[in-house]
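In the two assemblies presented below, chain A is common to both, partnered first by chain B and then by chain C.
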Partner chain A sequence: MSHDQRFGLQRHARLPGPLRLDGGGSLSPVEIAYETYGTLSPDGGNAVLICHALTGDQHVASVHPRTGKPGWWTRMVGEGRPIDPARHFIVCANVLGSCMGSSGPASLDPLTVKPFAMSFPVITIRDMVRAQAMLLDHLGVGKLAAVVGGSMGGMQALSWAATYPERVARCVVIASTARHTAQNIAFHEVGRQAVMADPKWQGGAYYDDEPPAAGLAVARMAAHITYLSEAGLTEKFGRRLQGRDAKSFGFDADFQVESYLRHQGISFVDRFDANSYLYITRAMDYFDLAEEHGGRLANAFKGSATRFCLVSFDTDWLYPTAESRRVVHALNAAGAAASFVELSSPYGHDAFLLDSPELNRVVDGFLKAAA
Partner chain B sequence: MSHDQRFGLQRHARLPGPLRLDGGGSLSPVEIAYETYGTLSPDGGNAVLICHALTGDQHVASVHPRTGKPGWWTRMVGEGRPIDPARHFIVCANVLGSCMGSSGPASLDPLTVKPFAMSFPVITIRDMVRAQAMLLDHLGVGKLAAVVGGSMGGMQALSWAATYPERVARCVVIASTARHTAQNIAFHEVGRQAVMADPKWQGGAYYDDEPPAAGLAVARMAAHITYLSEAGLTEKFGRRLQGRDAKSFGFDADFQVESYLRHQGISFVDRFDANSYLYITRAMDYFDLAEEHGGRLANAFKGSATRFCLVSFDTDWLYPTAESRRVVHALNAAGAAASFVELSSPYGHDAFLLDSPELNRVVDGFLKAAA
Partner chain C sequence: MSLRPDLGIIADHVTAGARVLDIGCGDGELMAALRDGKRCDARGLEIDAGNVAAAVARGLSVVQGDADRDLADYPDESFDYAILSQTLQTARAPDVVLDHLLRIGRRAFVSFPNFAHWRVRLSLLWGGRMPVTKLLPERWYDTPNIHHVTVDDFRAFVRERGVKVEGAWFLSRGRQTTAAGANAFAEHAVFLLSRTD
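Up next is the complex of A and B:
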């Protein structure tokens, strides 16, 4: 395996822009960090865009340069997988607002040559999609064979199909939703308040000092609970104690689930920027595809020739099956081609990232059948 | 209405103890703040103990002296209500570890004449119950006509029936559980970490300075989401914006649900001690009635002559119906008399505190039928 295969082709584009934003402002230049796998076919018909989730990155199928961990979706993307560099030209870009090389609050503002921090414009899911479209123009990719995403990646996939219907042949939306509900917003707001309550946050201007690690860790812990099912937590941890025979009658991590959550919080702050967490959760909370189309979700897909595949998991309570079904109803009402399956898994929302032969079969079948 | 009727009989007992604690230590003296309503009958057979929830207090049916708000359960307790001072001698005591007058981390340690802070012993639900038993001894109440509680109050009611079966004629357990699950523990741990991440917490020794209000507010916000159902949040707030026509594209509270949660967090810190929050959540996480009885829940109720009434709400995802059913199965296995009903409500866990004629009918019928 060559260096490039193992680490992917880590690339970076500095696009002149300007990128017009839903909030009214614009961004120029637009930095986009991305990876590609495979080769664009002569007719350009084999491009697959993969969209990542809230805290994901462009390292979908190759080693993460900072953590040394394998790509986050090697179960779906790679040799012999449903999305295969032998057949597809695979693009995965770090979303706008994130912190892995694309423009975000930690980027330098060209005007002040200091990090944007909270002067970075508030962005939307559609803004992320527009930035990805600029990247594809830059790469010479016209029409996508497929756009594929789970969780926030699924929101981008839906937004792609609604914003650039002529550029999307197939759209795969996994464990996702067309809008954030009040409960989704509430959990994100807790996370944002946890970050902003940390005195080290300093109104976002912490880049010369220590980051608000404690606040961000609490935010991650709260969010992490929503990624797992109650049954999954019980199966994995139950009430088992952490390396002890008896309760400590203190406030250390007595239970394994406490220790696990603390670890999730602490390890997260090493790889993620707190301001990016604020901006991306805000973009997700703002997401309501129906609202962008006159209040009727079906309008987002009217006359679309895109073929859609939706997958939900029965124990996902963050974006439950009912939300996928709502999208399918809208697709049906719009006359768009849609397949939908609810898969069974004990692992809640996180199931889309875990080993799921059924998920792989569904995606593989959908991508091949539509070819 | 007299002063005493409006404000209840605010009372305070300083009991010599010692109170032996599950953690191995003991407490002496034991301070208990409580209220009573009605009069103990000559045969002593009309006493009802009401146990409050995590952030509740003794002001069950009379004005809260600090907030000026009416009692927290006037729908259930009062003239013409299922628990009626005209018929019952009603006792409600602030739980051990709390901050409304009973011994807790904010109390003065008699040895140092400073607040205990984190040197207060870690307590259990059973310790709270033992303290209540000491109070009842002090009040001359032998056997309870009923012990009644919702949420953590229900845990105490179950613990009462298991610890002092001969003192409990009837036991009413509403929206509660016989153990904290991994998910329950996880949410509490997020709250504790939010408090402890606040630099103002100072290892608990903040009583001469400002309290860790920001951390406690975040803890309350996270917990509050678990008290409401997804459907209830959608009905109450949906994606409605807060006093604006359009999104702000900033980080103020754009959505009504954000504003509501922030208010819940901020108003909570005015009435609650952060260290008490740590201690009481810990007691709840430690609660597993089966574990205290050789790992078999039915053992907790073996040979019990107490009559039980369990009520759950269909949208309560904090202590879902399955947890009540588990208790009922154990009661059946132990040969104890148990009635059980799942009520329908859109309001999630909080339903037990809200207007519910059905709940009132169930409790009223149970208390009268068993008389």
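Up next is the complex of A and C:
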């Protein structure tokens, strides 16, 4: 199997499709960039799918080939970690609509041989999940020992359990939600409007020119605030000034927090496509698992034999504990096996990516228990 | 590892293979015993995050929550047994919690420390201060036990509410003691309840 080209780092699959989409239309072929770690056991029972967040990628536990940075979840995935290539066959795929090698608005439309731009179909979280299912078929993975995700990755994990219950033994949902609230949609709309207000956006057809970097940077700055907590920002920056002793009485980045956000915005535009940002935030805003199941969330999990584990963080105001509890109540109502814990962290939504021994302990125990 | 005596009594009397909700399940000691010893489908509710993490880490399905707030979200008759061990006296509304137990479970086990045990009585009588005993080790201001209850209180309580007592066990120093003198001599009581309707 070590010579099988389907397995390993920086893999790419071109699947014939067609992938039927929630919004009507279909996609064919479907390109998916992904990585695998570890070896699929002979009975195929050790596969773990990891779903990434909005601006994440497939390099969950390997050095990013462009930025040179370590994988984005090496605290959870790797040797001696809860998700361990010595035990698990790990798959992480770039989501549909993204810009790290999977089909998205920056991909070439096979008909016109130009980037899709805004002619790329609007996609949903469930479309991303269906694309991942096609990839797993391609890899020869039937049933997953677990699907694991934080934030938007958690939405995919929930959608997996609801869409393919017979293919998911365990479902781990961290700092996530079963629906986007008005506040979630509102913040995303600010970001999208910032991109679209940038004259360089050009209705999305900017691929031959400069990208709408200023607009995307503002979108990232606004979003980044929602990933942090007020206490975390105060602890990190307070009202401290940046590289000066007094206020400038101008509009430079006087405060450290301004300088930090500007840096976050600028470094983001180097690695992310503005149109992908529009499409993925839209998919998140459209996500409402209850709506897909007759308005009742419990219906999404009716008769499910999947075991669920949900974790929230007390300072996460983007997807607060109350949203995880909604899911837990629905799971209880459906009679599904559910665990839930709210962990304490000063770092807000971002806590799921940071060092959290308690999170690792919960996920490790949950994954090791018999399904 | 042997179970706490009141949990041992509950474990002995749960039917094998039953669906069980353990409210205030701690780190899942009883749930694990029921799963491993009796093939029960056990679920738990626990207020403390550290305990939930420990229970999940041993492979149990436990939800962090509060008996006073979260029982309302469980459907009717979704379990064969609802178990409330050493938690009744910590509830803000023990009467409402009991109603939920018998709504969610077809039967309910309730165990609690008996505030009328003679050592507690003597401590209050001679000391004139809220008892701090081996059984009730916390002081008045830091105890989670906000609704102290005696065996006779509980008997009257279930009688008034028309709840049927299917079984009762009384413990003193880890051993069973008689029902007759229980109000004075039992440190712990375990009741098996069901609805009369």
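For this structure, a couple of remarks:
As a working rule, the second predicted complex is superposed on the first by the 362 of 371 C-alpha atoms of A that agree within 3 Å, B and C clash if a C-alpha of one lies under 4 Å from a C-alpha of the other, contacts with A are read in each partner's own complex, and residues count from 1 in each chain.
Operating definition for what follows: a contact is a pair of C-beta atoms (placed from the backbone, for glycine too) under 8 Å apart; a residue touches a chain by one contact, two chains touch by 3 or more.
Small disclaimer: the values here were computed from a predicted structure and weren't measured.
In the superposed pair of complexes, A:180 makes contact with chain B only, with no contact to chain C. Of the two partner chains, neither chain B nor chain C is touched by A:268.
Within the superposed three-chain model, A:365 lies in touch with chain C and out of touch with chain B [touch as defined at top]. In the superposition on chain A, contact is made by A:258 with chain B only, not with chain C. Looking at the shared chain after the overlay, A:277 reaches neither chain B nor chain C. Judged by the touch definition given at the top, the superposed model places A:347 against neither chain B nor chain C.
In the superposed model, B is the one of chain B and chain C that contacts more residues of chain A.
In the superposed pair of complexes, A:73 makes contact with neither chain B nor chain C. When both complexes are overlaid on chain A, the residue A:313 reaches neither chain B nor chain C.
Contact residues of chain A toward chain C in the complex are 307, 309, 325, 328-329, 332-333, 335, 337-344, 358, 361-362, 364-366, 368-370. Contact residues of chain B toward chain A in the complex are 22-24, 118, 121-122, 179-183, 185-187, 189-190, 192-194, 196-199, 214-215, 217-218, 221-222, 225, 228, 230, 233-234, 236-239, 247, 249-251, 253-255, 257-258, 261-262, 265, 278, 282, 285-286, 288, 291, 317. On the side of chain C, the complex with chain A involves touching residues 43, 49-50, 52-53, 55-65, 73-75, 78.
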